[in-house]
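Per-chain residue numbering starts at 1, and chain names A, B and C are given in the order in which the chains are listed.
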Amino acid sequence: MDANNIPKIGYRIYNLAKKLWHYNRSITGIDNRKTLKHLQGISKKLKIKSIKSGKKVFDWVVPDEWNVKDAWIKDAKGNKIIDFKKNNVHLMGYSIPKKCDLTFEELKKNIFVDHERPNAIPYITSYYKKRWGFSMSLNQLKKLKKQKYKVFINSSLKPGVLNYGEILIKGKIKKEILLSTYMCHPSLANDNLSGIVTTIYLAKWIEELKDRKYSYRIIFIPETIGSIAYLSKHFKELKKNIIGGFNITCVGDNRAYSYLPSRSGNTLSDKVAKHVLNNIDKKFVRLTWFNRGSDERQYCSPGIDLPIASIMRTAFARYPEYHTSDDNLKKVVSPKGLAGGYNAIKLAIEAIEKNCYPKAKIMCMPQLGKRGLYTTLGTKKQNHNTRLMMNILTYADGKNSLIDIAEKSHRPIWDTYKIIEILIKEKIISI
Amino acid sequence: MDANNIPKIGYRIYNLAKKLWHYNRSITGIDNRKTLKHLQGISKKLKIKSIKSGKKVFDWVVPDEWNVKDAWIKDAKGNKIIDFKKNNVHLMGYSIPKKCDLTFEELKKNIFVDHERPNAIPYITSYYKKRWGFSMSLNQLKKLKKQKYKVFINSSLKPGVLNYGEILIKGKIKKEILLSTYMCHPSLANDNLSGIVTTIYLAKWIEELKDRKYSYRIIFIPETIGSIAYLSKHFKELKKNIIGGFNITCVGDNRAYSYLPSRSGNTLSDKVAKHVLNNIDKKFVRLTWFNRGSDERQYCSPGIDLPIASIMRTAFARYPEYHTSDDNLKKVVSPKGLAGGYNAIKLAIEAIEKNCYPKAKIMCMPQLGKRGLYTTLGTKKQNHNTRLMMNILTYADGKNSLIDIAEKSHRPIWDTYKIIEILIKEKIISI
Amino acid sequence: MDANNIPKIGYRIYNLAKKLWHYNRSITGIDNRKTLKHLQGISKKLKIKSIKSGKKVFDWVVPDEWNVKDAWIKDAKGNKIIDFKKNNVHLMGYSIPKKCDLTFEELKKNIFVDHERPNAIPYITSYYKKRWGFSMSLNQLKKLKKQKYKVFINSSLKPGVLNYGEILIKGKIKKEILLSTYMCHPSLANDNLSGIVTTIYLAKWIEELKDRKYSYRIIFIPETIGSIAYLSKHFKELKKNIIGGFNITCVGDNRAYSYLPSRSGNTLSDKVAKHVLNNIDKKFVRLTWFNRGSDERQYCSPGIDLPIASIMRTAFARYPEYHTSDDNLKKVVSPKGLAGGYNAIKLAIEAIEKNCYPKAKIMCMPQLGKRGLYTTLGTKKQNHNTRLMMNILTYADGKNSLIDIAEKSHRPIWDTYKIIEILIKEKIISI
């Protein structure tokens, strides 16, 4: 994939990201609704759902809704040195309203910086303890003079709702594939605007998929509280129906591919994720359950144990711009990066759709020659795809899955799809 | 094993190979019957069986019988430039009758050469599509002049029979060991005249084996169509009785030992093959199911799944002379090579015969000293075979097989046979 | 642990070893009883048991009791060149009485030396064949002149008893942990005076252990015949109740830590031993069942199969002073060595006591913040012990043991004890 060869889908996803960039997404609030409404432009099946503040969801309580009209810090001369409207990462998530005059020393107590990345604004939240705060770059803080400052936060924190988006797509069978992405971060690109925009385009592709076998459940939630709330409401049907799926996060930069396992590490989603990534990029990063940090923590928690893994580009907490204002659409996320993330998950979904347990209908080797599927001339050589066909046949005992056979053949599963079709048509195998 | 130490059996097997060398073996025909009749001179138990042309065997049909009286190509001056009677590899297997005059360009379309081995005649067949053809060395082809040629093939292709040889040897129990070798190649030495001659001498050894536990089924068949036909006829009894066995091919050169697994790779035959080869030659070649290419493809096909592995010297398709006239008794196969192949399979059969599940009849360590089996003096040292005896005892829980115990002890199983006898006699273990 | 930091327990154990040093321990005899009586000073629960000579125990017979009053060799001038009273290792264990004059050549037949360690006296026994003998250093033997020698052994070998010590400590449940150590060697320090003195102090610690869950069975026996005799008498109750335990030997030198597995290698004791040693000293020596040589041979013999592993410092037969007079309290065993051996086994016992199967009482992640167990500020970092708490929670499915969780977390199990207490108190998990 060189620069000239970036698939168009990469640009489409990237352009959507630019449109959604400025919203001040959080775990609740108007901008979450606006984001979801925008997504309905791509998929009409997306429904915006809400859960009321105060609702108990397992061990948690849905918090009050948070909205921000304005927020700034002015110096003694009245210059805005921090302006929420210019970069929403400056404001601590869930900051309470505030209006006051402070000395530099007093102000400093509510300012957060990132010592490891002195030019970037760190992303800070305090969802469950009432606080206020701003973050700024270390270099900006160093330049601040000892003078009086005015602080203004025009936010509201009141009973309201937590919103999420849900797309349900019916397939031939009731068994479902779950795609989950989170939308609680403001203007941060890879983590996780990339997830939101990639997921909606995956939804669009799935809606148009011919002969879709599985049903799909695609959700856009705030991280942690959102997945806990969703599980609290839908756990039983999810446990009954979900056979695989992915948490979609950090799918937009072009530096690496990464795989984060489910808790058990041995679900179909894990197998598929590793297979796809290994066939896209042998050097893909194999993370472990120790690197968990997103909604897989809920989906795979004891007793929940849904078969959810993660296919990412560079994973959360593993790139230097992570959770800072540098995680943006210029420095980190690119059309090429998004196209790669989209493609990997698409291939993984396809692999789950196409996976099967081929079973020979003929004892011993079938005579392929009489069907025109094999050279009639006995020589030393054998063609690459003939060899793959022979492998499919030799493993077609109804116990090896197609993905297992592809793995054993050191070939991507997508190379087998056409061959499987032929072998079914020729009544050599059934699936 | 230095030159002076080649076991006599190597020369005996080699001499038989020389006698059978010139027959034009194929999947059917008179020379197959002649080969089998010759083998009856070594084992009277060998029975020559036949299946009629046209018989449906699973997905295949037994083809017409092919016989050749003569075949040649003459140049414009009437010189025979190719003569089947001098080397039967020249004639494409199953060539139809032909008599015609051709230009060089016309002739060339039916001539096969091996570009990788310019001095050798490649071995070519066309069993299931009616064709004619000759093969010659690339260097011979290069020298041919543009002139008229006469082609003559006095072959017949008519309904007849497919022959195979079968030796059934009764043991104490009905469970069987299968040895299968193929005899469809004309004058090619390692692949697989070596298999034919080694197998008949193994049959002779088995017939003379004292206290034979297992019954034996030893078959000489044409590759692929022969094993499919045999399975089609005997599948149920094989499935019921076969507990292990080997496909015997390429056992005649002295360059390496090789192991090709069964499809599952974990049968008793696999375990034994690996154990024996590891104790003969630690550097033996470990092939995988991907290197399959002989009748293991049928014996291990889905639903058949017999426990058949292969112990070879240099395996088919893995030596430069393979499927050319260079695979002969001078360049490739030797008495030393055959002696090694024979010995390895003999040790493997013995290991299956002797394998057992020793079970201690005494709780805690037995007092070996009072039985004269252990030094009565407590010092620091312990003898090599005493240590092996102690290992047998410590693992004698009725769950570890003797071969497992030998493996755990890093010793060949044959070192345990005498010790097992002693321990049984001393009533310390039962098997 | 530097020289100044040797725990006091190391000195206490070492001082006891000095007091027990001179006794002429063997598989029977007065000095075994004296040793056991001395141990009663540390643990009043220790009971001295006896089994009569001639008693059949599985495949063995309890031998006559052996006692020695004096033993020496004098040269022609009447000088004692060997004196049992100066070093009891000189006398072959179970030497029959002897009084005679011998030429040098005659004497030499009953003298044992260690060619690999020319200055040391080797330790020799002949329990089950009536013999007499002395051992001396090779260098001493080389200097002996060709003259007459007087030999005197005032020993007795008569029906009596085999003694052993037994401590039974009740816990909350009937399931037991077995500690076994052997006391059949005379003045040899690491093998196994170190085991005797360490075990009695472990018994003392166990007696004082608060909230002891398991019951304990702690035995001081002669090696081999003692464990066979004990198993012969108590096998059924041991098989029913023992859930783990250790054979305690060679726990006194400071050169290494070693682990010897049970026969199966996968018992709780094995898991705990490896976990503890890996967290004490990553370079600990991993022995295999091939290195067995002590009472694990009985405890793990087929059909007995108790879950007994060994935690040692430098293991028997693996240090140059082994089974010679150089295995003494100056050259080999030290307070530091003993403190380390004691500590490792104590940690292992504690790990078995504390091991449990945590099970989450809450679906999805619990909200730790509201309980003050987690920072309420969302930033990039996470504390070391918070991370361990999160790991315990994510694996708390009732199937992972605490030791498994500690292993997965790359942390010692002892770091989890306090966290488990908190999580139980907070009703987040049950065990």
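Following the convention adopted for this analysis, contacts are C-beta pairs under 8 Å (C-beta built on N, C-alpha and C of every residue); 3 or more make two chains touch, one makes a residue touch a chain.
Please read all numbers here as calculations on a predicted model, not as lab measurements.
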Query raised in the report: Roughly how far apart in rotation are subunit A and subunit B when fitted on CA atoms, stated in degrees to the nearest 5?
Result: 120
**Report entry** Chain copies touching (subunit A, subunit C) - same or different residues, decided at half shared
**Finding:** different
Query raised in the report: Just how far, in Å, is the C-alpha centre of subunit C from the one of subunit A?
Result: 55
Requested in this report: Would you please write down the residue numbers of subunit C that are in contact with two or more other chains?
Outcome: none
Query raised in the report: Which of the residues in subunit C come into contact with subunit B in the complex?
Result: 58-60, 93, 112, 122, 124-129, 131, 224, 227-228, 231-232, 235, 263, 289-290, 292, 297-298, 300-305, 317, 322-323
Query raised in the report: Hey, which residues of subunit B end up touching subunit C in the complex?
Result: 359-360, 362-367, 369-370, 376-380, 391, 394-398
